[in-house]
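In this document, chain identifiers A, B, C, D, E and F correspond to the written order of the chains, with residue numbering beginning at 1 in each.
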């Protein structure tokens, strides 16, 4: 039976626009909260965009997603799931990350995540730019002792070689870095939705050389999303898997509020369906990144992001 | 032959952004106008959002839709119809509805609609929030003496049980109330496009128990819109039918300006096609509701709403 | 010495855009929190706009003001005050107010405020529309047993006679109602900044008849704000006084996000100066109302509102 | 006693956002309306920006100003005037002006205005760009048989020599053209508020040579607005005078929605006060031009424009 | 081997938001530049909307598209093409077109294009409204001595009869005019994507009478885009062909920033795919028109437009 | 006599919205341009916000300011100056600054500025965040061999102690750092316009201890801007002086597009007047920083910024 402490208030009791906005209106449990140890899935924000090569603003993502997520109700109409009853989920707060010091910022994030993992909590990270993902990958690797698989829904591979004359830590490199550092098992990595222009083909070539399965958007549209997600499931199998959702996976008409949009992407229906199809995988952690509120219009990107978060939480249900 | 009095000025004579904006640039005939009795389809606004549980602003809908609808030209490119020639259609004005007194507001609306029906005019209501629909249902029921069918295009069933500790008159309840009050024949009700999160399943269960046919978005996408609309037509048959179009039926990328958007919805092409497929039904009244201009971006929701209104007027052609 | 529990985190430790946003980043103490009894000034939201005659959206005010207020730092540059050290201030949360049932909404608000006053906390209410103020006036009256004075900074008197055929409870009536119900001592009421168009002069006449001092904007501009505020201080004297700040007091160039703006108002500098000049009065409660985020542009209204809140908290320092 | 036919509905009866929006909610009397002959002041739109050298969009001005003007109430709080009781004022509609043919557009406008003047109606024109003013000047000149004075509130003189290799009919030339064509008596012309950058000084020099009194913004700020408007009154005296208000007179913080803003302008309070000080002049016609809705933010420019229109109508009271 | 002079700087060297924005960050070669003669494809702007019947603003299109196009990288992820290596492409600047004198404006544009063609440069025109296309058609016809084919991707045929009482030169007429003037071979013209409302059927009828192949959106959706583009290729064959892309071809959810949007259009993926399928045709010139930045939201229309431009440049590769 | 090469095209020849946008439409002279050595005042962009503690986006400043500055005409209406005739001014382009590596970014900026100074060009820097100023201060110091004076127009002193646990290089520290590094002579530094909240008083205290003259906004308003600027001139005297203008000096109603706005600031008229009063000082360099386009509304901040830039160029006239 579900614990009332971990249930969000209903919008028919407290209107959805009311109250201090935590993620999904769940209880906010900072590090020293006595009940934090009971949490099964912990949502936290990494409000940081210090690795962004183009338009910034993802540092404001967690705030906007907390706000938008208060519109989420308890039940998944499509699947019948009630994720807040199925697991004890909470808002663990944001990490203090210096906007002007990458080392300190990443270090603080990793220390926080280490604490989360140390309490046996499955991490759900809300970015922040995509380099934030690397902090989760590193700590998961450290905690588990071996590499794991990846499902990436994104318009970019983020496998690029160094930027700006040698920078290996930008939001275009986290998965290359994740492979180089041994966090990810490239043979169990699948990347879906790639499109747009590129500097060159070095990222794809790197991925192919390592054995990563890349599914560009043209292949997605040709095969259909059901088939694509079957491929994705086959690649990762039933081993431990991390899921990363970059909001620029979705077409900019649906998600204008992001730093590096690429036209020609999937609809929100397709995006939701992709996430839903991940259910049953052994998801050891997940994230939603690259929502940049200053470039959003009418809050539709944050609302889509909050909806994706809900579906990810459903997919993580055991 | 069509009456020149009821023809809107052409945009090649008077530019579309010019002039006092009535719905579709049609003649504005307030209650005391001598030619009001000639009207066959009367468009009127219920500028009221006093039953809105979430983001308000639908009270500004009729104003924005009048403005946007001046962009509509005379002819339906796809069907060849010219609805303003096929029937005498007019703008009947807005009802004075108190924003702070639900009883008075609904009462005024019903009195106005009673007058419209009394003149033999088919009603086309422009909301306002979805509870406004109930005022039309009630008066149609009173005028006709028996229940009728419903086609609802929406992301919600609006069959929810009472809100906020007992409120039966919110924008989440109109069709439950319409069934309870005997306006609607549940066996001839079909609801298309449901999705998103829900408080629980009580609305679906209520509908199923009563015999309402509910087609969630997943079923729509699987069957295809042509098949779905065939189902819809079969449910209502050739008996008298009301058509209600909630703008949140369409995906928020296409219709951000609404109070309770749900991601993962149809495109504007699909939405238009759904409406177009209703032609030939015995449509005794229709509405377009829940356009909330303060949440619109660039006026695209109002423009889509005006386009849907035009298609509904074509579908109502006898 | 100030209690660390009641200090907001510094923006140089946790960036100001990070974290769950409570008012001024102060601790959030819901009704059952063990330390609530220690609070001296309690900030709470009434997210409700059910009495709004024109453009809605003030129900979203508390959320937007919490967000914007995280930009506030600890110290008042102009006065040297550090209000969070001078008093124990906290965020008490929002009241659950039904958007569709005025009686229930006002009743819930009054019950909440009764609790706040019962704990000896000075109330700082964040609206919501201006009728929300009436709930505070009523409970302060009940708790204190006698009427008190008022400083109103607003572009309207809110002394209007009933609206919409008899409604006495709209956002245009709270102070008339407050006088009628014996909450306010009209001889100790001063209203500053009135301007724009009016239905008639009934509101001014009512105020004059009762002895309220009204200072229209033309008089403000002629006398200068220093002189005006001396008048205001003289009217209320050193008796107990409530301060109400309607954001539409300020010119719409500075505060576009409100329901009923009036052009020709003061600048933000003048507005801040007015608030600052209230220091030393016996302020028994205060509010900031009528911020309507859907009509805001770039968040400047919310940011101004948060700045005004901070100055009000400084003015309330004993 | 005032004629009920010419009274706008009160916002306490019909909410201000409801109804088909005519200027100030006044009766809409197209050219063939039987009661048009009774009108004393006729407001009409020239939805045209075909002479705009920079950012377009003023063609959408009349629509936006009709919408915003429904927020205006009956009474001028500052002066006690009730202009709709003092004179029979109506909305005469918009002129059909081709956006792609300047000759036809100006010709249509002049023919319309000729009709208005022929019915003895004082014209109040709503632009459109500033060249629209020339059509009024020309027809007033033709109808009266002699030149008249001018009060211009603007950030530009609009006395520029031809643009783009010889164009004398752009929105930078109307008053030069008005002087050249003998519509205006330059010795009775005063221009207030000039500022910003200029191509050269040819416009000032032309004005000075003709005897026009130009008051740049620096002089306004130094003398104060009261003194400046006394100068303005002295220049035009009690002879017949036209008043033209370009919304870019006001600072872009107050009026962003215009084609050629200039920073460093007056506040809305000062602008309103300038208009108010014109009362008692023999105003034979007036206009409000250059509101460009596509560049407006949050509708504040349209709202300011509507407020200025109301003050102009009060100033025109005899 | 590609000439370094004609390569844009990489975003990993100079961030994409940095630098003076030329189209695609290519070298800017005004008419007198010594290397202009080497250019193979020349991109230039016609910043003019003087033929716009509805919402203006396309005059700001080239500026916005230069800005957005700096987000484009070197390589087409889908096709592997690197267009800036495959041909020498440059930004030739904008033509000075009077916004108030159609004759002068069109004359200047034609003179400029004549110069471009005289240097053997393939023209890529960036509008501006759709009448701008006529200037390219005329000069191509003059230079080549015979009519050519057309692929039009648009929601309108732009084959309308005269507007506003006889205007043949509006943005609704360029292709009718192009056929009438012998620029286009109607039997080799194909128009894809038509939809929405129309004044009448005169445009379709004109096209059919002349032998133009028109594919309305319903036919597109039924046949699928692959089949439609095969039809398009068959119509134009391997003769010389002009390609015109009106941004209102795409649904307004994807491209809100345009003057005359029509709902129910293709997605950005479909639009990109259509362009891509044109590769191999003998494309003698191309354009992207009708981006109207004042009506854009969040820059998504400009970004889509820049992406379409890139695909067109790829399709033009020989 | 002025050199035609250095004159911007007139808006009456080439409309102001046309053409590739360089600063003020001046010639763009990258480092290797043969005529760069003739430049007297060089405007360049530092598109970088890597030291921003709060809302980012100033990296997009130079792009937006180039665009807005094309609205500037040749002549200063108020002073009669024609700065582009008085000196050879050019756009020197932007510096490539890594958004993810502060050391590299600052190093590149300094190397670029060193080159500019080496060519004897007076630098006009366009930010970017306020730390960008430090790069100019450092290179000016190195080139001149001794400290110089400063006029700062800002709402903050930017004299704060280290942020985020020891960061001395943030946008809150440049002038403290400039003093510590011996670039600035504190006795010849004046800071005008300080206001808002602060973490503590350490910045003021530091300035006072060093002998910096700080004029908070309250003092400005009390003394009047003329008197304040006389104080400022007296502090710097006729020695070499750097002028830095942070756009957040102006009230957010006038300049919403900035990262850390503070309400209660001067109007645009006052701000312009302050800049104008600097004429005659020995200005060795200047900047305009902290314009953040993602937070701008309607481009008014960029337009104000461009206007301030023009006035600064006039003030720099010798």
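Annotations
Note that contacts are C-beta pairs under 8 Å (C-beta built on N, C-alpha and C of every residue); 3 or more make two chains touch, one makes a residue touch a chain.
Protein names from UniProt, one per chain: A, B, C, D, E, F = Agmatinase.
The structure presented is a predicted model; accordingly, all values stated were derived computationally and were not measured.
When chain centres are defined as mean Cα coordinates, E lies farthest from subunit C. Of all residue numbers seen at the subunit A-subunit C contact, over half occur in both copies; the interface is built from largely matching residues. In whole angstrom, the spacing between the mean C-alpha positions of subunit B and subunit F is 55. Look at where the CA atoms of subunit A average out and do the same for subunit E: the two points lie 38 Å apart. Residue positions 13, 15, 17, 53, 55, 59-60, 98-99, 163-165, 251, 253, 267, 295, 297-298 of subunit B are each in touch with at least two other chains.
Contacts between chains, counted with the stated touch criterion, involve the pairs A-B, A-C, A-E, A-F, B-C, B-D, B-E, C-D, C-F, D-E, D-F, E-F.
Only residues 10-13, 15-17, 71-78, 80, 251, 253-254, 267-269, 272-273, 297-300, 303-304, 307, 310 of subunit C touch subunit F when the two sit together in their complex.
Contacts from subunit A toward subunit E in the complex involve residues 53-55, 163-165, 194-201, 216-218, 221, 251-253, 256-257, 260-265, 267, 295-298. Listing the residues of subunit E that touch subunit D in their complex gives 49-53, 55-57, 59-60, 98-102, 104, 163-165, 167, 169-170, 294-295.
Contact residues of subunit B toward subunit D in the complex are 13-15, 17-22, 28, 45, 47, 59-60, 62-63, 66-67, 91, 93-99.
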